[in-house]
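Below, chain A partners chain B and then partners chain C, in two separate complexes.
Here is the complex of A and B:
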């Protein structure tokens, strides 16, 4: 594969005869195109037609998003931005100036403007937490401690009230930190719950526990997440004694998400448990291991490895599902973005703002899925050998 | 069944809230709770331009938000002591009933059904709205009654949809509603010519028209086909709190009528000889005390938030909506405050 030029620059001694290029008709981009795109008249036509549309789309996007785009607008009357330039190119060019004006609101919601460095640091902390957790060399008991400390620091930063940071009530929290809080806490709490529920559901010796687990999973799976969020936000306050009416809306949504995610992840984990050959458990029993030893050392490590793809699939789904809190009025990333769009100054900039939010969601979801692919390849190396 | 639960909940709420038994309490459980908490919790929409929408710095702006601020200024003498809770049109009433918010200021239409069956009371009207139609001038229509056979873009599940159906049935006209949920999409559909007319609250139509680069190509038809009086709402059963919210609004309207605004209020307080103004600002009499508030409550409201016209103009007029029937009664509008004495 190594082209001769590279070998030459590296100063390696390579016999020239062995490095001779194969003829262009069987090797290289031309040959590849010939074999895959132009192998017959039908495939040539399809390639040309599709290629035309792809190029059209590409040119359209470049001319909308780059060539005709408005990147900034002057400040007009009342110290507000003057969007005339954007309105002039409406439909032909993107108005990125809207993002320039509104990114604070989209990312941080109504968090007090002068304090927005705090949620900013929180986002960085969350990212750091994900990266550290993704590295296998940190997969030790201390990781739980790192999580605990980071989450406490995040809480301190968001609320403040200490070290000279003014207190910020959580009714003003919003934007990306809310999305990250809901999904991170949601999945971090749902995962252990799910493992316990999955084990409980497969239990043969504890029929009562099994019944409860089955009921929990089936009841939660029987209602949509929107329904559960409505229950948490609209009905729960009516059942609870007054005074707890201030029992926070964010916390209620968080609990609903944990319960919902727990049921789904439990079923994924149960799939892994069921797929594991019976011999593994029997061998562990034969060695005289206790139930927890058997589960922690033999069953779960293998079962969880089996379910990495569906697990990540569920995680990605839940990361995006947190945006459903829009319907109960919690300022997550999506609602902050929609609020930014509602501003009459920037009327008609919905595509730009949706694009900006889609980019953020894409970065997170793509990172998750590519990480899971890598992890899967690493972990299954032993099996494929 | 639902109603019994609700009633039971409300009774329990009343009992529990009364339990701490403030011996020196104001006689209003809501007011006592707000004072103990130190902030007013106000339910708003959170994403409606002109009514409640955070600006680029995340500060809530709008007519509804300022209505909340007037009440905070009346209660605490500090308009910033207010916490905004964004509510959707589905959970707004529950949030008020359950005590999650102290008042609702969320462009809510005052109707008999809502006041009679939901356990709520409307404390006033801060905006007189109504359903209207926006058309392109090129269509050549000058009156809504000429819209026979038209396609009309409208949001599903809104009172607009019902008002349109009623209007066309009443006038024996045919129309094809095109139902689109999202506001941005509905406006796109209208601009691209998918529908002949765009129907929603006339305030929103005026705003939309004003922000178009070619606004003279559009015509807001003169017909207002429904009444949508929007205003702040409180729970039933706490009359003292109801009085505070209602008379705070009246105080801002009276201030506009008397020409008192945030700029001249200090001067008026010291130099005015008009007994109405002196009573309003608390320079004489004890009107505030009778409400359970500071004597200078109206002074604080006007100083910090402004009179009704000021915060109306600041939030709504800038969107290009004419004052019209939303002026005070002395200038041909519907906003009328009973005497403050």
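Here is the complex of A and C:
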């Protein structure tokens, strides 16, 4: 073997160096492993220890969730599924048969079984609404109209009572539609409120209004959502005129979520207003536009575009936070899952059902967060150009 | 005639006196009018709600006021940092116990999640592929699942742990079973208070020495070593005091008798799963904050420090982290607030924190407004104190611009 020339050691581009294949020490899987897994003694130790635990975890998950899992069970006497096979593998294998038996309850709660196609369509409508809102070509004033129409249709489908659909009281609503309704209606109703509060908080001419907005935002952001939900459930009924009947539980939770969301979204919108160059407002003033003309035609269209990525992140937060309504006994996805676990037939399948629900939440949140990341990258690219 | 002449024509330097006209087209008058109208509406609405509430309370025969706080509570509380006896103590003390339980979760949670989060955040930037990928998967998975679901899952898993008789154990020292984690505890004696006091004095002394060392470095360029002083003040000094007081040491081990444990300290399954869930969840967010903070420091800083001959660890400690801190602190504050607020999820797994105990008190006494008012006020003051402290810290480390 000839010793490398001086040019080759320096990495210079010589004709000989170009013809030779790179040595195995800088190219190929072995070299990659050396550079990325075993680059020093510390790195080697960490790789080995961490690798051992990661592999253990993976093997454990696969053997529990796939190899030893029970996917379906035979129907036993009295027409109920027979969970003996699940009991036999308890602790060593997952019992996915429980999900197969209980997914109606988990997804739709106690909604009447024959009418469950309605909340099913609602879930699809919600997904459609999210996808349409995610497309930049729909980012215009008409989007608000699309939201309004879709939300009305969803309300009609859930309640029924028209077009031959029997009426379904909201006491029996449950599962994923409740989670979607609380978060989506919450955001839709909180958004106009939040824009007003954000504008009020930046107002220089109306100090009293500014003070009210600051108090609202800071008070809400200073207390936990659990406290707020709890307050809504015990205090809202007291606010109604005496003897005017009781306040619907779902509506109470929805009001608490709207007030909560309003404060957080207001801060996001305020960030967008602050990020807008001052010249925009000054130019609008110079043109002689009134405050509302300036705000509606110049400031908001630009500021709201800026805040879409952080708004999506805030929405992911609300989507997860709606699970807190469990605490005041609203039948959302989490509580209907917990109800499914309480079934004596499927005793001990809580980890499987939690896993199933975690997967649903994960799919929604992961889709939204990767969308938000992509959007942020795209927007900052066009801004930096 | 002269009365109608604009004073600006006579003396252009004198600005016309601004008088407010009682007209909609006068901006000043308009703003006052708008504000009066808005406040009037708001007060009217609040007044209406208060009126309704008063009527409703009267119908339900509930007297308002905080007198109930002095009544005997009768609420059993499983975990308490101070002595509490439901047969003797008052509602006020029960709520205070709840507050201490909340603070216990929050303070330890903040410390642990900061440590774990920083490690994971640095791990995501590691050149080791396995570390970078594992931490990335961890962060992504944890952040996309509601924290309440995670808490409930941890709690369920805690309950599926074996009975005390078959518990996982580390020799005769620690036991993990469905009754929680059993650990040996030190039997506390008066001498330990003095040792603790000596330790606190030692820590303060070390800080003072560190300041002096930094001053010497600024003057001479040579930094005196800190570790001998730290070792002497924080370790040797307390040990000396402890030895002088007779070195009392009595450790109580948990013992399995019958179906349960006797003696030793307990970390209850409720507290354990709550703290574990909150720390794992918040650490994922802190990791992202730390990562973006470090990435926000320009690459040139690393290169310039390397050119000066600093080692990697020194560069991270002396050059990069101080600059990254300015980006890290504000979002970190909101994570600290979040972990404090999320500790109220305790109510879902039966750990008796402030909200949980307030809820029980409220159900027993019917004093809804006072009960809600108390815990709202407490959370607001906790949030406010954390914000103030972090703002002070942020101002302290902020870049001093010339």
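The rule is simple: the second predicted complex is superposed on the first by the 306 of 385 C-alpha atoms of A that agree within 3 Å, B and C clash if a C-alpha of one lies under 4 Å from a C-alpha of the other, contacts with A are read in each partner's own complex, and residues count from 1 in each chain.
The rule we apply is simple: a contact is a pair of C-beta atoms (placed from the backbone, for glycine too) under 8 Å apart; a residue touches a chain by one contact, two chains touch by 3 or more.
If you're wondering where the values come from, they're calculated on a predicted model, not measured in any experiment.
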Both complexes share chain A, so when I overlay them there, do chain B and chain C fit or clash? clash
One more residue to check, A:238. First (chain B), second (chain C), both or neither? both
Once the shared chain is lined up, is A:46 touching chain B (first), chain C (second), both, or neither of them? second
First (chain B), second (chain C), both or neither: which does A:230 touch? both
Please work out whether A:305 is in contact with chain B alone, chain C alone, both, or neither, and reply first, second, both or neither. neither
In the overlaid three-chain picture, which partner chain does A:206 touch, first (chain B) or second (chain C), both, or neither? second
Check the residue A:331 against both partner chains and state whether it touches chain B (first), chain C (second), both, or neither. first
After lining up the shared chain so the two structures overlap, which partner does A:344 touch, if you call chain B first and chain C second: first, second, both or neither? first
With the two structures laid over each other on chain A, which partner does A:169 touch: chain B (first), chain C (second), both, or neither? first
Chain B region in steric overlap with chain C, selected from 77-85, 131-139 or 185-193: 185-193
In the superposed arrangement, what residues of chain A touch both chain B and chain C? 230, 234-235, 237-243, 327, 338, 348, 350
What residues of chain B sit close enough to touch chain A in their complex? 5-6, 9, 12-14, 16-17, 41, 46-50, 53-60, 83-88, 90-91, 94-95, 97-100, 183-184, 187, 207-208, 210-213, 318-319
Which part of chain A faces chain B closely enough to touch in the complex? 78, 84, 87-88, 90, 101-102, 104-105, 108-113, 116, 169, 171-172, 174, 230, 233-235, 237-243, 245-246, 249, 327-331, 335, 338-339, 341-345, 347-348, 350
Give every residue of chain A touching chain C within the complex, in rising order. 36-37, 39, 43, 46-47, 50-51, 54, 205-209, 212, 219, 221-227, 230-231, 234-235, 237-243, 316, 320-321, 323-324, 326-327, 334, 338, 348, 350-351, 354, 357-358, 361-362, 365-366, 369
Parts of chain C lying in touch with chain A, wherever the complex brings them together: 27, 31, 34-35, 38-39, 42, 49, 52-53, 55-57, 59, 127-131, 134, 140-141, 143-150, 152-153, 156-157, 160, 337, 341-342, 344-345, 347-348, 355, 359, 362, 368-369, 371-372, 375-376, 379-380, 383-384
